[in-house]
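Look for subunit A in each of the two complexes below; its partner is subunit B in the first and subunit C in the second.
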Partner chain A sequence: MNSVIKSVAYTLTHAPDLVIQAGTTQSTERIVNPDGEYLKALPGALRSFEDAVNYPPNQAYIGGMTPQQLAEIPMPWYENGAESDRFGKFGEIMPQEELYLLMQICDCFDLVLLEAEYSEKAAKLTESHPLFSAEIAARIKPGVELEVIKNEVESNGAEGLYHGGKLVGCVKKAHSIDVNLNAHVILENLVSKATSVISMLHLVKNSGIDPAVVDCVIDCSEEAVGDMNQRGGGNLAKASAEIAGLTGVTGYDLRAFCAAPVHAIITAAALVKSGTFKNVVVTGGGSTAKLGMNAKDHVKKGLPVLEDVLGGFAVLISENDGINPEILSEYVGWHTVGSGSSPQAVITALVTDPLDKMGLKITDIDKFSPEMHNPDVTKPAGAGDVPESNFKMIGALAVKRGEMERAQLPEFVKKHGMVGFAPTQGHIPSGIPYLGFGREDMLSGSITRAMFVGKGSLFLGRMTNLFDGASFVVEKNSGVGDTGSISEEQVRSLIAETLRDFAKSLGGE
Partner chain B sequence: MAILANKKVIAIGDRDGVPGPAIEEVVKTAGGEVVFSSTECFV
Partner chain C sequence: MDLENQKRVKELAEAHGAENVVVVLGAAEGEASGIAAETVTAGDPTFAGPLTGVSLGLKVYHICEDEIKAEVDADIYDEQVGMMEMVLNLDEIATEMKSMRDQYTKY
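Presenting the complex of A and B:
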């Protein structure tokens, strides 16, 4: 039987100082234009934690408001935030202090140093956090003198950790000459690990699952963990699961640029459907490199730096319980080597080919979730409204296939699409952001099925000019679980459905 | 179309728009010479 989407968690982590420190737009600028106006103006354009919490798309991402509610707020959204809670029904928005502490908690090699006073203050903050258990808090190490940190940064190749522009800690290099273990790489990997851990902790809470019964974790984030002998050796999945308390799991990393989460969910669904595992977690932490990716345009236009949060998510895929929405493993979409790279060829491979196999029309999919980038970020940077472009292309193919009239295209975009609400963190916006709301919409019966589409830019690695992508369809549960037994409520529903069909057939005669 | 005839062209395609190889084909058809082509991801 098909596996199901049992639970979903989404987290954001506010990291304004890491925008300056670790975002590639900024590190590139420090090399090519170190005295330029942009780097001087950047600190003044960073948002406070409160602004990041109140930002409507961030609230939609953690489940504080629905995409429909977000669509009703006039753009630009950064001007129309309202006081909000850092915790939403899917997860939370974590402040930078807690991130640094969580990085230290995730550090198994004494590479993260925090200044004593700062560490103490951050540790106090976490005392009220519902998911920082005593076991996790016990991993916090004593703080050190600022002079020790300064010496590591100035003389030993450590990366500084800053808060409000002030040095408060550092990440040391893990090897004297191996570039794959230098401080920059260790910083990136620890951030990815920490944001994956917090996402999995929320997933355990949301699902109520006993961590001991999770069998496997697949990490689909963006970083390569390894050394000079194997740059992408891994394994962030097990490394993160260890801290999150999932002690019974095996796991591995799956990389496919931004399409990795969709590939990972397809893989996890197949592993559960085949009976190899009963419960698989797909997790993805955030990417420091992408922080402030479009900030040059934002700063130039007088906007705040909107790309100041790290994204994270975790999904629990389990055996069919007869209730939760099913992943239709037999009808996944693949972009093949021979598919071609024009937008039309890509959408054909990812959307219409699997639908043809299912005997469905484009309009039979209630909601599409392709690249869900927040347009508040992309439009001022000249990259347009990415989700809207995807919905238009899907709708155009429906017109071409004779499944609807051209005049219906604007209505199609509205009805079968939604506004983008995910941070531009590469793999994070790629299909996955709607999985939480989509699951709820199917459980409530407001929609029957949704398609999730991820795309990956393989050409960026300079090994091929090829494009990549994958898709899967999630459908309302048919009501019969793996146990073979069905609930009283499901029996009632089946009888009602049969009677309705019978009445219809009488009426027809 | 004539504006590209006998011109050297650098083609930068967009992952979510028109990819580099597609621009290359158009340029070649229009009589231009592609000296560099790539597709980039802007998001």
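Presenting the complex of A and C:
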């Protein structure tokens, strides 16, 4: 039987100082144009935590409002935020202080140092956090003198951790010469780990699952964990599961650029459907490299830096319970080596090829969730409205296939699409942001099925010019689960019927 | 434009002669097309890549412009670009591209 989407969690982490320090747009600028106006103007364009919490697309991501409610708010959304809660039904928006503390909690090699007073303040903040259990808090290490941190940054190759531009901690390098373990890489990986951990903690809470019954964790985030003997060795999945308390799991990392989450869900669904595992968690933490990716355009146009949050999510895929929406494992879509890379070839491979196998039309899918980038971020940067372009492309293909008239295209975009609300964190926008609302829409019966599409730019790694992508369809549960859904009485009647047929066949002979 | 792509365009222009190179873009927006066209003609307007201050003046077109469409087999064009033609704002892209060519293309 198909596996089901049992529960979903989404988190954001506000990291304005990491925008400056670790975003690749900024680190590139520091090399090519260190005295330029942009780097001078950047700190003044960063948002406060409150602004990030009140930002409507962020609220939609954590479940504080629906995509439909977001669509009713006039754009630009950064001008139309209303006072909001940092916690939403799917997760939360975490402040930078708690991130630094969580990075230290996730650090098993004494590489994260925090200044004593800052550390105490951050720890105090987490006292009221519902998911920072005593066991997790016990991993917090004592703070150190600022001088020690300064010395590590100035003389020993550590990366400084800043808050409001002030040095408050550091991440030390983990090896004297291995670039795969330098302070920058360790910082990136610890951020990915910490944001994956907080997402999994929310998933455990949202699902109510006993952490001990989870069998496997697949991490589909962006970074490679390893050393000079194996740069992408892994395993962020088990490393994060350890801190999140999932003690019974195996796990591994799955990388496929931005398409990784969709590939990971397809893999997890197959593992559960085959009976290999009963409960699989797919998790993805945030990417520091992508912070402030379009900030040059934002700053130039007088906008705040909108890419100031790290994205995270976690999904629990379980045996069919007869209730939750099913992942149709037999009808996944994938972009092949021979598919071609024109948008038309990609959409055909990912959307219409699997639909043809199912005998469905494009219009039979109630909602499409392709790249769900927040247009408030991408439009001022000249990249347009990414989800809208995707819905138009899918609709245009339906027109070409004779499934609807061209005049119906605007209506199709409205009915089968939605506004984008995901941070531009690479893997995060790729289909997955609608899983939470999509699951609810199918549980309530307001839609029957949705298609999730992820795409990846393999050429960025310079090993091939190929493109990549994958898709899966989730459908309202048919009502027959793996266990306990057929009653004893039904079994008796089935046996009786079979015996009657058998007797009849004997009599006939 | 991606810094590595800038490097490749620069190297190709040097290897084959700028007058022999045509850049064909596939950007989804007028503004993005214009920035890419400006980069390979006047130089990188973001001052970040290898084409900063380098005015190659290359011939540059968008795949959806009539000049390029006329060069491609109609069936293959429909198969590869037909869907995007329905989606893109072709007038906006063409206006932006023509403006960059009129100002900066040397060939």
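The rule we apply is simple: the second predicted complex is superposed on the first by the 484 of 509 C-alpha atoms of A that agree within 3 Å, B and C clash if a C-alpha of one lies under 4 Å from a C-alpha of the other, contacts with A are read in each partner's own complex, and residues count from 1 in each chain.
Keep in mind that, in the parts below, a residue touches a chain if its C-beta (ideal position, glycine included) is under 8 Å from a C-beta of that chain, and two chains touch if they have at least 3 such contacts.
Everything numeric here is computed off the predicted structure, so don't read it as measured data.
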Identify the partner contact of A:383: answer first if only subunit B is touched, second if only subunit C is, both if each is, neither if none is. both
Quick one: classify A:347 as touching subunit B (first), subunit C (second), both or neither. second
Check whether A:461 is in contact with subunit B, with subunit C, with both or with neither, and answer first, second, both or neither. neither
Output check: A:373 vs subunit B and subunit C. Expected answer is one of first, second, both, neither. What do you get? first
Contact-wise, after the overlay, does A:397 reach subunit B, subunit C, both or neither (first, second, both, neither)? second
Going by the contact rule set out at the top, does A:410 touch subunit B (first), subunit C (second), both, or neither? neither
For A:32 in the superposed arrangement: first (subunit B), second (subunit C), both or neither? second
Touching partner for A:424 - first (subunit B), second (subunit C), both, neither: first
Show me the subunit A residues, by the header's touch rule, that subunit B contacts in one structure and subunit C contacts in the other. 342-343, 382-384, 389
If you look only at subunit A, which of its residues touch subunit B in the complex? 258, 293, 341-343, 371, 373, 378, 381-384, 386, 389-390, 424, 429, 455, 457, 459-460, 465, 467
Spell out the part of subunit A that touches subunit C in their complex, as residue ranges. 28-29, 32-33, 36, 296, 340, 342-345, 347, 382-384, 389, 392-393, 396-397, 399-400, 406, 409
Which residues of subunit B touch subunit A in their complex? 15-22, 38-43
In the complex with subunit A, residue positions of subunit C that touch it: 3, 28-29, 31-32, 35, 46-48, 52, 79-84, 86-87
